[in-house]
Every structure is written in C-alpha cells, then in structure tokens.
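Handing you a structure now.
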Amino acid sequence: MSLEPQSLASRTAAAVDAEPWMAIAFLAASVVGVAAFVTVLGLVLIYAERKIAAHFQCRVGPYRVGPHGTLQAVADAIKLLLKEDVVPAGADRLLHILAPVLSFAGMVLCIVALPLGPHAQVVDLDIGVLYVAAVAGLGVIGILLGGWSSHNKWSLLGAMRAGAQIISYELSAMLALLVAVLFSGTLQLSGIVLAQQEGWWIWRAHGAGVVAFALFVVAGTAEINRTPFDLAEGESELTAGFHTEYSGLRFAFFFLAEFLNLFVVAAMVTTLFLGGWMPLHIGQWAAWNAAMDLLPPGLWFAGKAAAVVFLLMWFRWTFPRLRVDQLMRLEWKVLLPIGFANLFFAAGLVVSGWYFFPTDAAPTAPLPAPAGWPSDGAAP
Amino acid sequence: MDYLYVLVFVGFAAAMTLGGLGISRLLAPHAPGGLKSEPYECGEQPVGPSWLQFNVGYYIFGLLFLVFDVEAAFLLPWAVVVREVGVAGLVEVAIFGAVLLVGLLYAWKKGALQWV
Amino acid sequence: MAADLLPLAGLALSPDALVAAVQLLCPAAQARPDCDRPAVKVTVGDWPELAGRLRAHADLLFDLLETHTAIDWPESGRIELVYLLTSLRRGHHLTVFVDIPRDDPVAPSVCAVWPVAQWQEREVYDLFGVRYADHPDLRRLFLDDDWQGFPLRKDYADAFMLDRPS
Amino acid sequence: MTAPAPTTLRARLDATPWASPLGTQEYFVNMGPQHPSTHGVLRLVLKLDGETVREVVPVLGYIHRGIEKICEHSNYRQLVHLTDRMDYLSALANNWAVTRVVEKAAGLETNGRIEAIRTLVTELQRIHSHQLWWGVFGMDLGAFTPFFYGFRDREILTDVFERTIGGRLTLNYIQPGGVMHDIHPEFVRDVKAFMAVFRPRLDEYEALLSENVIVQERLRGVGVLSAADAVALGATGPVLRASGVAHDLRKAEPYGLYGQVQFDVPIGSRGDCWDRYAVRMCEMRQSLRIVDQLIDHIPEGKHFLVKPAAKIKVQPGVWYSHLETARGVLGAMLVSTGGEAPYRVHLRTPNFNNLWTVTAMAPGGRVGDLVAILSSLDLVVPDIDR
Amino acid sequence: MGLVTDHLPGALLPLPGGGALLTAIDQVVNWSRANSLWPLTFGTSCCAIEVMMATGAARHDLARFGAEVARPSPRQADLLIIAGTIVKKMAPRLRTLWEQMAEPRYVIATGSCAISGGPFLYHSYTTIRGADEVIPVDVYVPGCPPRPEALLYGLLTLQKMIREGSTLARPGQVRRPVLAALPDGMTLDDVRAEIAALVQETATVDRKAAAAVGAAFAAQDRV
C-alpha cells in the first residue's frame, strides 16, 4: 500500500473501463461530497466568524438558536432562501442574476482542486496552481458584474474598487505562489504537498518561504475583500458596496462565496507553505516524526487551515480599513517589489540547491506508509 | 478525465445556484410596488445615471496588471523547470523581470500609480 | 501654531469700555441696558460697515460670530436681528441688535466678514423669512424647499400644529 | 411680502452639465440621510470624480423638530428636558447651559454642593461622550472592535448615572436652582471604581487604535483645518482646539467649579484628523484629572435651593450664557417679556457650526477621507437640526 | 423562552386548514425568519444610541438572538428599527427605505417619538406623530429612550409574532400592531385601567379629552 495521493477523478478514470458502475459511484460521491462540504463548511465558517468576533469584542455572540447558537447560520440560510429577490429597475437583469452565480462557481471550482488529504481531492490537475489562480479570477468578474449591473453608484464604486484591488493583489499572490512552485518543481498541488515531506516551505526555504507566506496571506486577504482590505463593501463608506442592491438568495451566494473563499485562501496557504496534509516532521527525529504521524492527514490539514482562518479573522476584527490609494500604494510600491526580490532570491536558492534539511530523495518519489495512517484498499 | 471533472463541477455550481434561485423564486414572497425597484441611495432619489465615464486611473491599473500577469504566465513554466535550466535560465528570467520592473518604475515616475 | 492666534490674556475690555469703543466706531449705536452682556443697537444702514470694523479693529478683534438669530416682534412690526460676537483672542463679547421691518425683512449679509454667517443666515431666512442681500446661496436650511411660511414668526399658524392641553 | 425665489438644491444639481465629451464624469451621490457614517440623518450630497470628492453640500433638516418653537410654549422648567434630546451625548451640559441662563435671568442662587455635583457629572459625561465617539470613530474607519470596547466601558459610567439620576442617556438632571436628586450614597465609590477601571482601559484604547499604523496613515495629514479657517467657520470645542486655538470656556470663562481645579487644555498643531483624535483622547485623561480632584471634596449642603414645584418668573430682557460641552460651545439665549414663559429661546449648538468645516476640508480627498473627517468632527445630528 | 406568554394582544387567529407537512414547513420557515432578524442601521436621534448601539454592544449583545448582522442596505435587512423622531422632511425617506426593503420585512418603533411624537408632540411644526403614520409598525417599544432590555423584549415579542404569524400559503397577512407581549395573567384591559388610574393621579392632561380617547379605545375593542 502506498500513500501516493489519488484524486477522485483519477479513481473514476481508472474504474471507467473495468467497473463502470464504480466510476459512476465515484462521480456521484464527489458531487454529493462537494455539495455537502460547501454547505457545511459555509455554515461552520459563518458561525465561527460570528462567535470569534463576539469573543474578540467581549460578548457572547449567537446563543439562543440551537445550543450555543449553533443553528444560527442554518436559520440565516433558510431565511435568505425565502427572502424576496429584488432586481432594481434599470439594472442589467441578466448580469445582475449571473454575477453571484459566477462568484459562487469560482469558489466551487477552486475547492474541487484542493488537496484536503492524500485521498481527499476531487481533481488533481497537473497545473493545479495555475488552475486555482485562474478560476479564482471568476470571483472578481462576479463582483465587477454585480456592482456594474446594479445601476447604483455605491455599487459601481465598490465594484471599481474591487476590480482594481483584486487584480492588483493577484500579482503579489502569484509571485508568492511561484516561490512554492520553484522549490517544489511542480505545478501539481499534490506534488507540492509531497515535496514538503521533509519540511514545510515556510521555514525550509531560507526566509524566502516566510516572506512568500506573509505576502500570500496579505494578498489573499485583499483578494477575498476582508478587512483591512474590505474596500469593495466598506460599510461606513459605500453603504454595502457592490452588493448594495442584492437581496435574498443572490446576496446569500455572495456571502457564502466570501466565506468559502476564506477557506480557499487558508487551504492554499496550507498547501503551499504549511505542508498541506503533511504531518510536522523534523529532520531525523524518528520518534517525533512517528508521533506526529499518529494524527490522520485530514486532521493535519483541517488544523492548519483552521489556524490560518483564525489568523484572517483576527486581522478582520483588529484592523481598520485602508484607504483606496493606500491600498494601491501598498501593492504596487511595496508588495510587488518585495515579491520580485523574494522570487529571485528563492530562484537563486533553488539553483544553488541550498535547503534546510537536505534530502537525497527526489521530491515527488512515492512515500512509504507511516504507521497510523488509515489504509485505503482502493489504492493500487 | 480531470478536465471533464472540472466541467462536471461547472455544471454543478450552475445547477446549485440557479436551482436555489428557482426554489427561492417559487417560495419567497414577491411584492413589488412603490419605490422598491428604485436604486437605493440612502433613501434619496438618485441624481443622474449610474453608468458613467469613470476616471481613467482605474484602467491604467488594469493595463499594468495585464503586463505583469502575462509575465507571471511566463514565469510559471520557468519555475517548474528551474533546476534543469539552472543559472542560465535564472539570468534570462532576471533580465526579463528587470525589463518589466523598468516599466513599473516608469509608471511610478509618471505618477500612474497614484490613485485618482 | 500661528502666534497671532494665541489668546491675548487679560486684554478683554470692560463692558462699558466695549460699548464706548463701538460707539466711537459708529456714533449712532445705542447701548442696550436690558441685556446681561455688553450690547448695542445699530441701524441696518450702519451694520455692514460696523461689522467689518468690529472684526478688524485691533482693540476689538471680534473674530468669531458665535451665533446669529432673530426675534420677531409683531406688535411693533419689526424683526430684531441678533449677532453674538466673541473675540477669541481678547476674550470679550458683544451683542449687536439690528432692527428691520417685519413686512419687508431685508438685511445685509455679513458672510464676507464671518463666513459661518452663511449658514446662520440661511437658518434665519428659513425660520423668519429674513432676506439677506448679497448672500451667495440663500435657500431654506431645515425645511423643505416648498414649505409655506416661516415657523418661528409669532403669527405662524399651521393646521398641523397641536396646542398643548392646559 | 415677496419671498425671493430660492434656488433649490435639485435645481442646482439639474443645471450641472454631466460630462465633458472626453473627460471623466463628475457625478452626484447622496450620502445619507440614511448612511452608516453620517451618524443619524445628515445628508451630504457629494460631487465625486472617480473616488475624489470635489464638493460636499450638507443638507439639513431631517431631524429638525422645532425645539425653539416648543420652548416658546414651555415654562422655564420645561426648557430643560428638550435640551437633553438635542446633543443627547452631552445631555447634562445641555441641561446646564439652559439652567445657567434661566438662573441668571431669574436671579436664582446655587450653593457649592450643587456646583460641585454639576461639574462632576458633566465632566463624567464628557468622558462618556468621548468613549462613544472613540468607538464609533473606530467603526467608521472600518474596525469594529473599538466600538464594543468603547461601549463596554461606557456602560460602567451609565450605571453610575443610573444610580444617581435614574436615566441612562437623556438625564434631565441639572435644573434651575439645583439638581434633580441628591447624589446616591454610593456615587463617590462608584466613580472611583470607574476611574480605577478606566485608566488602564484608556491605555488599551491607545494600543488598539492610536498605535495602529493603518489608523495613523488614515488620519495624519487628512482633513487639515487651519486655525484661521476654524475660527472663520465658527468651529468650537475639540475641532477648534485641534487646529491650535486654545479656546476652552472652562478655562476662558470658568463656570461651575472649573476655576478651582487644575487641568490642561490639549491643543493640536496641524488641525488634521489625527489632531482631533488626539485632542479628544487627551481630554478624557484631563476629565479624569478633574473628577479626581473633585470627587473627595463635594461640599455638604442642599441639592436644590428652588423647590421643583415653584414657578420661575423672569423680568423682561435678553440673557445669554454659554459653556463647553464635549463638542464645543453651547450657548443659550433667552428673551423674556416677563412672566413664566420665555418669549424666545435660541440655542447656539456646537455641531451646527462645526459641521460646515467639512465643506472646507473634504474637497480633494477620497471618499474614505470624508468618512474619517466626518467622524473626527463627532457630529450629533439632532444638535445640528434642533 | 419563558418571557413571552402565549396570549398576544392583536395576534392572528390560527388559520384553518394546512396539512401536517405544510405546518411543519411553516414552522421551520417561521423559526428561521424569527431567529434571523437582520436590522437595518437606521437611527435618527437619541434612541439610536440606546437602542441600536448599546443594545448591540458588549453588555446587552443583540447577537445572542442572531440579530447583530446590521445591514447598511435595506435590500438585505429584515427589520427596520425606527429609533428616534421622524419629522416631515424625513418621512418620505423613511417610506422609501421601508418600501425598498425586501419581503418579509418587520418594523419596530422604539421610543416615544417614533410611537407618538413624544416630547415634540405639541407646538412642533414638523414632528410626525408616530412612525405608524408613515409605515406599518409591528411592535412598539416605549421609553424615552427605551432601555436596551426593552428593545430585547420587543425583539422577543416580534420573534414570537413571526413564529405564530404568517404561513407560506398566505404570506402577506397584515397583523394588528402589538404593544408588547404581556406577562401571564394580565390583559390589555388591566393595562388600560392602570393607565387611567395614573392619569387620574397625576393629571397633567385634559381629563375630558383623555376620557374621550378612552371611550374611543373601548369602542374599538368592541368592534
């Protein structure tokens, strides 16, 4: 048995000829799984945000709806489903309806490519990094269309801000992401995780990893429009920004996409810099490494992602909002030059073959199965 | 197969959102009338159209982004094979990046990075 | 901070001296004894010139128009404009009263002397109907543009208003 | 009588050409009357070019309740409760302003205890008001947590008021000839407990907001109001002091017990949003200092010298009295023709005059700056409209 | 929630019909609507501080009931809390805001001004005598301004009203305004009697006029 990562897609492909029914089952399982995952994760994240915010602010947060308010997000979801859907007069009706769909689709398409565990990945594209960067761009199109089609000046301002902001920070995110690609030598997300078997890029890359991590967290926060970069919907400035005219379920899709994008960013940070589902291994400390292996990889991934999500929430409830010109200055005059310098520094490191914990194993070689991981009979 | 899967999920996302909107349309109350469909502008009637010629600064950022994004597209394949192409590749990319950075500096000097 | 804006402590004029100083600038000004602070009454013709001099005169330096309002006296058919002046730098106060006829309430604007008068005069226009000549933007301030009448006048009547039962 | 044809705002907006053929369009946006950062129902009509504010036109009257008219139909006691609802965050200072003018006009006396209680509670309410402002200021800048911190500490002070006065916000406490109730036996202990809690909390405020680099970037050099402009536009209070003019009626014309306590008047040097922020932060510490000096020295005596049921009569004449609220100079003018009701009451409210500085500060800045400027003025809209 | 009793003055009679499934769905729907009341940030004067800010803030924490998601846009808000005086110039704007809210929408009027004009009722040329002259109000929360606890109580009353109120089959039921849910064993008549006694004791109003108002009230009840 090996822990060679396997995506659901590859299993389906393998089963198509031999067992067509299995292929259909895999397909159905992945669709149902993603649907459930998106829904449950969305609710959990919304609940977590409200509770965490409350505790940052010396209060209790949702408490009455279900035990400790756990059903609060469910109540909100049902209510939003049954709320009137208003399309303002003069709005571009088609685009107004299409915008949240695009936002939501971009988020779902990102999630299917994320390696949540060695066997918990729906599609493992060989250009996964590029793919995620590309489909994440659908979100900004959704926001732009939503703000523009609303025929409302606050929305328009919000959309313009969002457009300029997200595309700008995408550059920094890209440059940070390239550092992980440089070290891993692959664009495949599962390959990047495997390459961190000997140590996570955040510290194994001689500082370049830390800088890239910080860059990616900042740029990621900006890309998903969260405080201190929530200019697109800055309440105190633009009323509700780009979604001022959205109500009911279409607003809910924007809302949900925003929260799940939080997870997408956290998952990308985890995958690229924190070793994905890899346990925390330190050099030659066999006993330590074995102990770390006792936790299943899915839990490792969830733990790391949760930590990053918490960090982003901490940002949100601490920082005030930047002003729009400061935001652009930060990106173009600070982050972008740093990103470039860091990239070439990292490239130099890679070319000279200089790592911490040097290993002889090729980065993508199959791994031996450590004790304690769940065995999986379906793997060849 | 992988891309077929992605396609499946494009369909899935569309079905989930549009299906949800359909259900919502069937179940949710719908009471148009009065000023409901007027654009919301803090309780006032908006003055003038909302689709207007925006300051060109927004588009300069769009252009700059395009330049650097294309550049990132070139960097990606290089990042994958950086071990094989070695120092020579690094130098080449450095030259490529430097040319772009000169462009950025030019834009900076010209004040294009000043937000409107 | 600009040195000329420092309060000049101990340079406030006594009420009598203040009134005398104003009367020197404008001989027609009459002292108002029924007012708790130094107060003068001037004619509407004298007022614009006096306003400028009150602000500029080195001994007076009335740099702040603290407030401006009006009192409606329907029995004697006049509206009395009240200007409360303060000198931040000297620390003294002066109240200036200007009478204008109630049936044709036109007054000179002092916006050029104290810019804040622009909005205070708009308020008085809104509530008393006093029209200020040379005001740059004279329109209603609080009430709707199509409001009829001037509610702070004593004879303002409105079908909407309720009297408190006694 | 012919009224002049007023140029309506609408007409002015409609007359403005929308765009030059090739340039960018300047456009109008209504900010308010219902907007999260106009603090109530202020309406600003903005002329924007992209994100840049070209012109700000405040439109008032969305909460104009005709208080001056109601005053003409009230007796001298009934004036007080109306003032609570003007600048409800400085309710006690408002009460005091009207009380002072009535006392002056009717020749009522007070004693040391009354003055000490008035000074104490007014100073406490200045802190109360600044706490709220600090929280809301954070929220306007986009940080939500300060709002909750500010309110958390504000509630302690609200409890202190509630014990003595019975109300939380609109207190109606300072009356002509005294105060409504004597202080609660636990008042001194409560206030000391509050000060013990609040001193370290002020440092926490500084750590959360003042020392944040984003806050400093958002505020420094934004909305600069020169001293000359501030005076010309009639600004008073922290807005005027932040521009560098050391004018504080508590010092200039001491009333209450302000003549007997030590405190400093913080002033700014540049007149930007940061100075206005810093002035208010310093004022909270100065208010604590004043309370500290007074709390152990409240003289014994009666808490009112005029029975609440006694009718107050005033001789004909004109009276004016002003004092320093948390937002600036609040003046009350009383015109009497004799009898139990005023002939005319005029209230010079600080916010009405402070508001107009925004028309001088905002043009040229971004929408985000405008929000910071508005918030740094600490406007209470019913105080503007009355 | 033990606070709110079963008998509501002015609540709807139970609607006839409706199968078990529909009832169950209705319960879920009403449960979700009652527990997810996102307020519009709308405050005009003093009440805004007490009712909107202090209630949402740390000590009282409106979030416990799921109502802390204050939306700046009426499209996404469910609950319009009128906090403060409404004057003639504001009234059309309030109407606009309410009209622009998406269904289902609920209105709580807090404070004397929003209920009746409050201290600005007499001799004012602009104050509207109660927000219900402009828009329909579901729950009134008295006070000047009301304490935050009073708003919480008003919110619970509204939640109760929603839970028992509309059904999917008839979404647009118009309810009679509710003052507040009364404690056990008290009826609206008791309250009126108490008010009448108080009026007798501290009569500052015209007793004849008050009696006329009482008679009108009684007549309304008989109908």
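A, B, C, D and E label the chains in the order they appear, each numbered from 1.
Definition applied: a contact is a pair of C-beta atoms (placed from the backbone, for glycine too) under 8 Å apart; a residue touches a chain by one contact, two chains touch by 3 or more.
Note that the structure is predicted; figures quoted are calculated from it, not measured.
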(message) If you apply the touch rule, which chains end up adjacent to both chain A and chain E?
(response) B, D
(message) Quick check on this structure: which chain has its C-alpha centroid closest to the centroid of all protein C-alpha atoms?
(response) D
(request) Could you tell me between which two chains the number of C-beta pairs in contact is largest? (result) A-B
(request) Could you please state the distance in Å, as a whole number, between where the Cα atoms of chain A are centred and where those of chain D are centred? (result) 46
(request) Can you check how far apart chain B and chain C are, centre to centre, with Cα atoms defining each centre and the answer in Å? (result) 58
(request) Could you put a whole-Å number on the gap between the CA centroids of chain C and chain D? (result) 23
(message) How many angstrom lie between the centres of chain C and chain E, each centre taken as the mean Cα position?
(response) 45
(message) Show the residues in chain D shared as contacts by 2 or more other chains, in ascending order.
(response) 27, 29, 33-36, 50-51, 61, 64, 66, 69, 73, 147-149, 152, 366
(request) Specify, in ascending order, the residues of chain E that touch 2 or more different other chains. (result) 57-59, 72-73, 75, 89, 93, 97, 100, 103-104, 122-126
(request) Would you give the residues of chain A that are in contact with at least 2 other chains, written as numbers and ranges? (result) 57-59, 82-86, 153-154, 160, 235, 239, 244-245, 248, 324-325
(message) On the basis of the stated criterion, which chains touch which? Give every pair.
(response) A-B, A-D, A-E, B-D, B-E, C-D, C-E, D-E
(message) List the residues on chain E that touch chain C in their complex, please.
(response) 88-89, 121-126, 205-206, 209
(request) Spell out the residues on chain E that touch chain A in their complex, using ranges where they run on. (result) 1, 28-29, 31-33, 35-36, 57-59, 61, 63-66, 68-69, 71-73, 75-76, 78, 100, 102-104
(request) Mind listing the chain B positions that touch chain E in their complex? (result) 27-31, 33-36, 38, 40, 43-44
(request) Sort out for me which residues of chain C touch chain D in the complex. (result) 1-2, 5-7, 32, 34-37, 39, 63-67, 69, 71-72, 82, 84, 88, 91, 95, 103-105, 114-116, 118-120, 123, 127, 129, 131, 137-145, 151-152, 163-164
(request) Note which residues of chain E are touching chain D in the complex, please. (result) 40-46, 48-50, 53-54, 57-59, 72, 84-85, 87, 89-90, 93, 97, 119-120, 122-127, 144-145, 147
